[in-house]
Every structure is written in structure tokens, then in C-alpha cells.
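The letters A, B, C, D and E name the chains in turn, as written, and every chain counts its residues from 1.
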């Protein structure tokens, strides 16, 4: 209950993606003691896929999870009381990397022109139906191309696409930016599209504007309100710390610890690029519009059968994005 | 001394009627009462086995209207050609096969596998390969909760009695054929069962050992007032040991003769060799058997 | 007719010296030449087995300085008490056991398992349980590439010869003990091996069948000029069938006597019963065996 | 025992045989019926319990779906071509992997059964490879063998092979020594010794391991498809669990269960034919 | 054969026994040595090949890492407390799941071996559950049993149980009928019949299935940890493969292989002790 926040250590389980840059703030929170300072004894539970974590959330074995709005919308439609308490990303997470630039003559023309080159190619995705898969289809859709004009190949999860690209199993790697950067630095390919820099079309930009956030359930929220309040406070402090240039050395150390450099990749280049890109992505604000944009896109693509009531999906105490 | 009962008569009677296809109707009440005092009784026992062939199946009549009573403390030997149903008859008494026709009784009750007081020695040794000789002899004692020290002692004595001291720790694979049979024999003797069913127990032994172990069997039989149903191929052995010799014949398996052996007890098996009555009995039964 | 060789003499010689711990030095060249013409020869064969006990291990001397020659077309029977090494000797001839001392030869060569022209009939039936009786008899023929039709024909004939027509399609589990042994016998006879090694082949059979199948064995032996090494516990059987009876004794297993059987051939096994020479031989060997 | 057990011995063996055969087939029928009735009762009971618990909100349909929803999903999808294409992809990959692994497993077991020395050398190395979680290799297999059927076949092979090897080794090394002796003595060459004695003797063990291997073959292919594939039931499971459609996930698992059960039943029938002597 | 095979028969049986025992232990030592040398040659050769192919750029270290890199990773991490905590978590979950499944599997096999009817009813239902890819259930297990050790134990159990059941059933139903008869006849009750006859007779089959089950128990736990866990080697594999640290992935797989091999070797030693009569 609310009084329990007085306890020095309140058990609090947070599901994050194993070794993915998206989990960076949670890693900072644990290693810099931000959670402890708020009276939370946080255990990070590493998972590889959102649905697994959603199941764990429903059982109460975790308290909060990193999730994308489309997963949350799916869950909501199945009768699950998803609710977002804090943001995490403000840009689409992924980059597109291609093995051979020569096959992509429009590479310098930016979106949407480059998408013509993707037609007929094999594009990696984690699993069919995953957020990254959906964003890929939004990119095609936004460029006026049918969603099946490229072949989406599920490679299992983050990181595995890089090896598949290298082995020639796919032509285009679509992945979270740390594996994408790694692939590029290791000379496995070149960036085709980075939606954190260039616009990737209205729909994709909107849908990706909160591509990952911290989600929980209304039931859990009612039970442990004070803990969630403490968690959100900690997220704010983490953001402030991470974006303060004074902490860049400590941040590098955390990255080195939690996001190890892949084999065959130059560490200095990898970390400097990570550090440079990182501020463009992270935010602790919740973007209501991103939830609605996601829903519209999903309705259009048939991933949702009917609209979902989104008004209750944001916690009243969450920090909201101020309109741009 | 064995009690001579109607068993002999009915057996001989049976031998005189050709093995017909139709047979007597249910037993009379008198016959039933007779059975109650016997150690083992079979009345009108019949047994078929199904043998599948390429085209359909056919019946093997392993036993046909078998009537036999073995009294308490009687030693009955059964002889007869291979396949005449001797083992099947033992199996019925042991409760391992449920006869299809007629009735069988052991100590007045329907035979049941694992019945107390009945020891069955199979024609094959059936030693547990993962146990040493002495632990095989102990097996029955162990199953009946005899304390470790006592059963080890008893097993050691019996192994010595069958001539196997020194082989206590040998596994089955390290024993000769006859040695295995002797271990099985020791295992059978280890329990003081009042009824012994024995299927060619000395089949793998040489004549000297046969005599030696025959005398061991007779002494155990006399001490403990046991009843013995003893299947053998060796007519000499049958006559030397038994009170009655039952001759069976095949196709279908039936009792052809039931011959009392009036040799005096206790018998010295070595000296029987020079006993003329013994040789006469042998010639008589041999001729009965030869009429097949 | 069997050729009498030095085998007898050396065997009797052996019987006269007590089985000592030290023995003769290597064979002379003469002895070696003798061996070359024999079907089977053992010279100075010795065999130990290791028996592990709780405390350490001990040696069982299964064979001690065994010298024996079996000539081509000779029928040699081996008798002796259980555990005296008869099966071990057969196993050496069959190439299944490699003797530790001395030399063994079969048709002049070192024995080898699976050697052509040697048939070994084990004391246990060793039928394949997933094959029917007739397919068990065919087994050896099949392994030697005999065409299906021919082997089926031959197997059928042999099954009939051992009294099992009608049981062609029975599995091992459906046969009686003696029937299984007869199937194994038919399997052994199916191949025209020139050397037969037989370990108590009639052990599970009644006396009538023993005579019947003994005559079958003799006729096959005479027709095909085979050599037979025949282990049995039945001294009557040994004398009735063999040219020579070898008496073995245990602890350590050695040859105690080698006795020629000068009964005329061909022999009618039934009429031997009334042959006085036969009975004299029996008494003689029995007394030799009794001296253990 | 009542009077009628003392009835006269049967009059006519032929009639007895006929009655026995009739009784046997009636018994088989009765047995089959009672077995099926019981099975249906068990299954029906389980489904009823499932639905009731969901209806009573003891179980959360979000997590465990419900028989009704699963049924609706199956009704809708079982007819579609896409569904059967996926079934085909999964079954084909499994069968190829399974058959190859079975042959290789039995052959390897045969080779290892020949030489204790070789066996001792190779065994821990095999254990070592077998002990690595093959599922962790699935992405590597994707890289090495592509996203198509080959990588699933390899994954299935890598599981089935060791199961068959292990089961077959038990069977192949447990030959009765008398049968061994007689077979060698009758002049069998190595091939005959294996084909006529060792193999039939090992059949029960091999059959059991083949059944297990088939099951794990399906499992491997499905997991492989879940991890990286463009078709197959596993890919469907991954997709539907990604969009939290538990009704669909359960529906596909149900189809898989039925498929595998049917395959196993078929294998058992073949096995019973070969082991009818028992 | 040379003259010396015709030497006099051994003089002293005691001396012969001693020489035999000496020869046997020397032979064991020689065998052990040669086996280990060969194993090391095979393993060393494979490592050398791997490293050379990477050095020659035939294999890409990005994809397959290299023995050197793996070694470096292990050197760095084997000493750390975190690593051993993970090892402990994985081993503990596996052992608990394995032991429970072994007992349950043998008991279930025993029950099914008692009644053909029950067996016939239950068998397809068991097959059905066994045929469902348990990995697809991992999220459900997480819901039911949490993210801690329990869900991994359950996953391990769900794989091991069926492997042990299947192997034990083969062993338990293949009892020599003579031994069966004699044991019943000597007055064994049900428990004794099982403990003294059926169980020892089934030991080779059970032991083989236990070995296989242990291996799959590890696999299940690792996969369970990969899917969602806060500790364990599987979680490490998921983590490092997400960040493309193939050296770490291979290093952890290596550690797993060594762990499981050691466990299997231990089981084999126990097995040999019990089966020394063979």
C-alpha cells in the first residue's frame, strides 16, 4: 500500500530488454542508485520479448515493464488494463542498414524516395507482428507502397539481424540502434535511414514518438501507488543526470558495462556514436498522441479490429509531452 | 507313506479309455470331498492354447480331462514325452495359468501365483543376473522378511549342500549350466514351503550329482512333511524318488497311467541300482511309455 | 570307423598322474604333427577364470593341461560332473573363449567364432524370440545365403524329423522346453557343417525322443562324415552314440580317462538295451567316474 | 468356484478356436471403445473445467483464453489455405529432420556399439554438444543455413539425433549373449549380425526413442520457426503471441498436439506390427 | 602361433590372479590415458581449426567469435561473483526440476506399466501434452509461477518428465518372464516385485533416459532464462546475444557444456557402480 514506500527497500521488479540500449535508463537507475534513493529495491528482469513481459505483468511477478504502445494497445483490446506511467523514447528506435549501397541508388535522397529501393528486398524484423515489423510496414505505407512490397523476415530478436545481414540472409537490417551502429562500424553495411535525424513520414514519426515507455496495469497502480510515484520521480532524475554533460564519463562507464561492444567492432567509435545519438532518443515524457497515432495505424493495417478506448491508458501523474 | 487314493484308479481308468473328444459331465459331490484333503488336486482339467498360423489359427489341446490328486506328504513324479503338458500342469498348480476347463485346488484353495507354502522350481534357472549366487539363494528369504544374518547363514549352508561353496560371490554369467541349476535348487529349498512343484530340477546335472541332490531332496521332504510334484525325463530318477509315477501322453496331453512305487523308505538311491524290484518297475513303466 | 590315435594313451596317462601344480614343458614337434590331421585338437590347454570376491579375487582353474584329439569322422562324447570344464572346452573349440595356455586347433587352424563348417549347439536353446520355429531353423541357412524356397523346404523337413510338424509358426514362448531344444537341434542340423560341437543337446528330452534323435544324429553323422564333440550328462547316451568317451574331473578341470567304445556300427540304439557289452562298458565307466 | 467351471471339456477344438478369435476381436473392440470413451471423458472434462474457470473469472482469458475462443479461431482458420501451407511447412521440416536424424542416430549408435574405446572417446564430446541449448544456436543456424526450411531441419536434426543415438545405444548394447554366440557361430557377417539380430533386438528401445525424437523434432522446428522464419506454425505462434492473441496461440498448439499425436499413433501401429511376436 | 603359447600351464594360481589384477588395472589406466589423449586431440584439433579459419578470415569473428576471444572472456569472467551466482541459479533450477521429474517419471511409468488399459487411455493424452512446444508455454509458466526459479523448474520438469517416463516405460515393461514368475512365486508383494526385480532390470534404460533428461533439463532452464529472468546463464546468453558479443555467448555455452558433461559423467559413474555385474 501507499505506506509501504516508507520501507527502506520495497521490492520492485522492472522488466527490461536484455542488453538493448532501450533499457539504458533502467541500467543507470540501478547502477547510480536512483531507485534506492527513492526507497525502491529494483530488480531488473531481463526478457527478450514484450508479450512475455506482458504475461509476467499480468501475473504480478513484475511491477512495471518497458513496452511499446502497439503491444499495449493489443493487450488493451484483449481486456488487459495497460497504463503508461513514464516515457522512455521520443523517436522511433530503429535504423535501417543495408549490406550493399550499390543496390540502393536512392540512399542519399532520404525518405520516402529510398523506400523504392527496398521494394522486393528482404528486410529483417524481430518477429512478425512485433513493433519493429509494424514500423517497417508504416514506412512502406507512408511512401505510398503496399505493405507487402518487401519481404519481412523474422530473425528472432535484436542483434540477430546483424549476423543475418552479414551472411546475406537479408538485404536490409531494421534494428534497434545499437546493433545497427555495430553493424555499420564493423563494416557490415551502411545506414539507409535513421528516423531520429530525418523525418520518416507523418505516420511513422507519430507512431514512433513514444516507441518505448514504462507500462504497468491499473490494478498494480492502485495497489502500490506510492512506489510508482517514486519510480516516476527516479526516472526524471535519471533523465536529468543522463543529459547533463558533466556525467558523460560516468555514463560511458555504464554503457561499457551494460552495452558491451560486439566482437570485431571498434569500441571507441561505437561508444562515441552511442553517446552522441543517445540524447536524441531518450525522454521521460508520455506522448498521448503517439498512442492514438499507433492505434490509427494499427486500425488501418488491420492489426486492430476496432478502436480502443485510450483515454484511461495514461496515468494522471505521468509527465506529459507538451505539444511541439 | 503316501496315502493311496482314488487318484490311481481314475488315472488307470483314463488310460484305458481312448482319449475321446467328448468326456464326463461335472464331478460328483463325492469327488469334491475327496479333493478337500489333498495337497493338490486336478479334476477334469482341460487347457487349450491358440496357435496363430498364416491362415487363421488352430487350437493345441495341451491338457485333456486331467484328473490327479496329490496327497499331503506324497511324492509324485510325472513323466511323459516332450510337449505332453507337464509344465502346463505345474503352471496351473502354481496359479500361473488359469485352466480353461475343470477345477484345480492347492491346499483346498484355487491356485494363485505367490501363494504361501508353494515353491515352484522352473525348468530354466531364472537367476537374477545382477545378484551373486548367494544373494540369489537368499532372494526368497529376503522377500519373506527373514533377517539378513539368518538368511545369509541359511543360504550359505544350502549352497554348500548343493556343492557350491566357494562360488558364493559368482554372478550367473560365471557359473556353468549345472551350477546355475544348483543355485536355483538351493533357492527353492531355502523356503520351507510345504508344497514343492519341480520342473526337471536335475535336468542339467550329471548322474552323481543327481543322486546326491535327490537324497538331499528326499531328506528335506521327509523332515518337513512336504508334498512334491516332480516333473522329470529320467525314469530312473522318477522311480527312485517317488511314491507314484504318473505317465502322461501327448496329443492331447492326458494322463495315461498312474503307477504306485512300493519301494521301501528311506531309500538309498545308490543301492537301488542293485534292487530287482526297481528294475522291474522300470521295465514295466518303460513298456507303458513305449506304447505311445 | 574312428581312427584310434595317441589321444587315448595320453588321456589315460594323464589320469594316472595326480593333477599336480607343475606340468610338462612345451610340446615336442612330434605332437604338433599329430595334431595336423585331426578335426579338433587340444594340447596342454589351460584356462583360468577370475572370480572377484569381497576381499580381492581368486582364480578358478577351469581347465588344466587338457590334451585331446578328435579325428575326422570321429564321434567323441565328453562326460563329467557339473563345473568340470566341458562347456569351456567346447567354447575354446568354437573360438568363443581364447585359452590362456596351450594350443587348440580346429581343422588345423586356430579356432575362430563363426568359422565355416563348425556347428555349435549351446546348452540353452538360444532361439530368436521374434522368429517362428521354422524361421529359427532357417536362420543359419539364411545367414549363408540359401535361397528362400530351398531353406524353407529343408527347415520343414528337419522340423518334421525332430517331431515338430504342425509347430512351424509357433514362437519360442509357445513351445515347451523340449520343443525349443528340438528346434535348436534342427537349426544345428540344417547346415552341413563337418564339425558338430554339442553341449547337452538332448538334455531336455525324454528317453524315447533321445533315442529317436540320437539315431537321427548318427545317420547324419554317418552320411556326411562329420566329426562330433558331444557333451552329455547321460552316460548311457554317451556310450550308445560315441566312438570314445572322455571322462573329465573337476578342480581343476582335467581329462581323467579316455575310453574307446568298440560297439559295432551301425548301432540300433533300442537294441543296445539288451547288449551285454554295452552294460559292461557302462559299469566300467561308471566306476571310473565314481572315483572322484 | 461355481459348478459351471466343472463343465465337460470342450467338445470341438475348431469351435473353440472360432469362439476364442471372436472373443478376442470383441475384446479388442470393447477395449478400444472403453479407452476412447475414457479419453473423451478426460478431455471433455478438462475443456469443461477450463471454460468454467474462465467464465467464473478464476482464470484470466487474457492469459489462458478459453475453449470457446479457441474453437472460434480454429473454425475460422482451419479452412484457409495459409493455415495449411504453414502446417505443411512445419510437418515437412520435421519429417526431413527426423528421418535424417533417425538414420544417422541408429548408424552412429551402431558404430559406437562396435567399439567401447571409440565410444569412450566420443561419448563426452557428444554429450558436450548435446548439452548446449540448441535453441540458443537457432540464430546461428539461421545465419549458416538460411531462413528457410534448412535451418529448421538442422535444428530438428540436432535434437533428434542425440535422442535416437541414446535410445538406440541402450538397445544395441543389450543383446542376449547366447543369441549373440549362436548368430556369430552360424556364420553371420557383420551386416547380417546387425540386421538379423542386433537391430530386431533393439527395436523396442529404438521405437521408443524414435517416438520421443519425433516429438522433439516438432518442438525444435516450431521453436526454430518462432525464432526466425517466414512460414510454419511456429511463426504463427510467434506472431499471435506477439499480438497477444492467446486464443490463436492455443488453437495452433492444439493443432500441433493433434498432428503429433497422430504421427505418434501411426508410429505405434508400425511398431506393434513389428513387435507382434511379443 | 609361436612356441611360447605352448609353455607349461601356469605354476601358481595366486600369482596368476595378482598378475591378472595388475594387468586389468594397468589396462584401465592405459585405456583411460589413451581415451583422454584422443579426446584432447579431437578437441584441440577442433579449436585449432576454428581459430585458423577465423585468422584466415574464412569464418567471420563477428558471427562465430574465436577460441582466443572466448578464452579471454572466460578468463575475465570466471572469477567474478556474478558469474557464479548465475551458474548456481541455472544449476539449482535444473537439479530441482530434474530430480522431481525423475521421481515423477519413474513413478508414472511404474503406474502405467501396471495396467495396459490405463496406459492406453493416458498415453495419447501424455503424448499430446508432450508434443506441445513447451517453449511456447514459457510465458504462461511465467504467469503461473512467476519470473523466479519456479517457472524454470516447471519448464525443466515438463521436458524431463516425459523423457524419463518414456525411457522407464521401455525398461519396466521388458522384464524376463521367468524372472517375473519366480519373483511372484517366491512371495514378493507389489513393492518388492518392483524394488527387487522390475527396477534393477530397468536400470540401464532408466539410467540412459535420466542422462538424456538431465541434458534437456539444462536446456529447458537455459531457454526459460533466456525468455525472462533476472539471473542465470540463459539470461546472460540472451543479454550477450542481444549485444552481439558472440565470444561471451560461446563462452557461456562452453561453460554449460562442461557443466552438463561433468554432471553426466557423474551419473555414468553411479550407473557403472550399480551395473557392475554386467
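By definition in this document, a residue touches a chain if its C-beta (ideal position, glycine included) is under 8 Å from a C-beta of that chain, and two chains touch if they have at least 3 such contacts.
A quick map from chain label to UniProt name: B, C = NitT/TauT family transport system ATP-binding protein; D, E = NitT/TauT family transport system permease protein.
Because the structure is predicted, anything quoted here is derived from the model rather than measured.
Q: If you take the chains that touch chain B and keep only those that also touch chain D, what is left?
A: C, E
Q: Give me the chains shared as neighbours by chain B and chain E.
A: C, D
Q: Among the chain pairs here, which one is joined by the most contacts?
A: If you count contacting C-beta pairs, the leading pair is D-E.
Q: Centroid from C-alpha atoms only, then distance chain A to chain E, rounded to Å. What do you get?
A: The computed centroid separation for chain A versus chain E comes out at 40 Å.
Q: Measuring from the mean C-alpha position of chain D to the mean C-alpha position of chain E, what distance in angstrom results?
A: Computed value for the inter-centroid distance: 21 Å.
Q: Distance between chain C and chain E based on Cα centroids, please, to the nearest Å.
A: 47
Q: Mind checking the centre-to-centre distance between chain A and chain B? Centres are C-alpha means, answer in whole Å.
A: The answer is 85 Å.
Q: Which residue numbers or ranges of chain E touch two or more of the other chains?
A: Touching at least two other chains: 63, 139-140, 143, 226, 241.
Q: Quick one: which residues in chain A touch 2 or more of the other chains?
A: Each of 49, 51, 55, 58-59, 157, 160, 163, 166-167 in chain A touches at least two other chains.
Q: List, in ascending order, every residue of chain B touching at least 2 other chains.
A: In chain B, 124 touch at least two other chains.
Q: Can you name every chain pair that touches?
A: Pairs flagged as touching, ordered by label: A-D, A-E, B-C, B-D, B-E, C-D, C-E, D-E.
Q: Can you check the complex and tell me which residues of chain E touch chain A?
A: It comes out as residues 60-63, 65, 69, 138-140, 142-144, 146-148, 226-230, 235, 238-248.
Q: Spell out the part of chain A that touches chain D in their complex, as residue ranges.
A: 49-51, 54-55, 58-59, 71, 74-75, 78-80, 127-130, 151-157, 160, 163-164, 166-167, 169-170, 303
Q: What does chain D use to touch chain E in their complex?
A: Against chain E, the touching part of chain D is residues 31, 34-35, 38-39, 42-43, 63-64, 117, 120-121, 124-125, 127-136, 139-140, 143, 162-163, 166-167, 169-170, 174, 204-205, 208-209, 211-212, 215, 218-219, 222-223, 226, 234, 237, 241, 249, 253, 256-261, 264-265.
Q: Considering only the defined contacts, which chain A positions touch chain E in the complex?
A: 13, 15, 17-20, 43-49, 51-53, 55-56, 58-59, 61-62, 157-160, 162-163, 166-167, 178-179, 182, 186, 188, 259-265
Q: Provide the residue numbers of chain B that touch chain C in the complex, in ascending order.
A: Within the complex, chain B touches chain C at residues 49, 51-54, 79-83, 86-87, 123-124, 163, 167, 169-170, 174, 176-179, 182, 199-200, 203-209, 233-235, 286, 289-290, 292.
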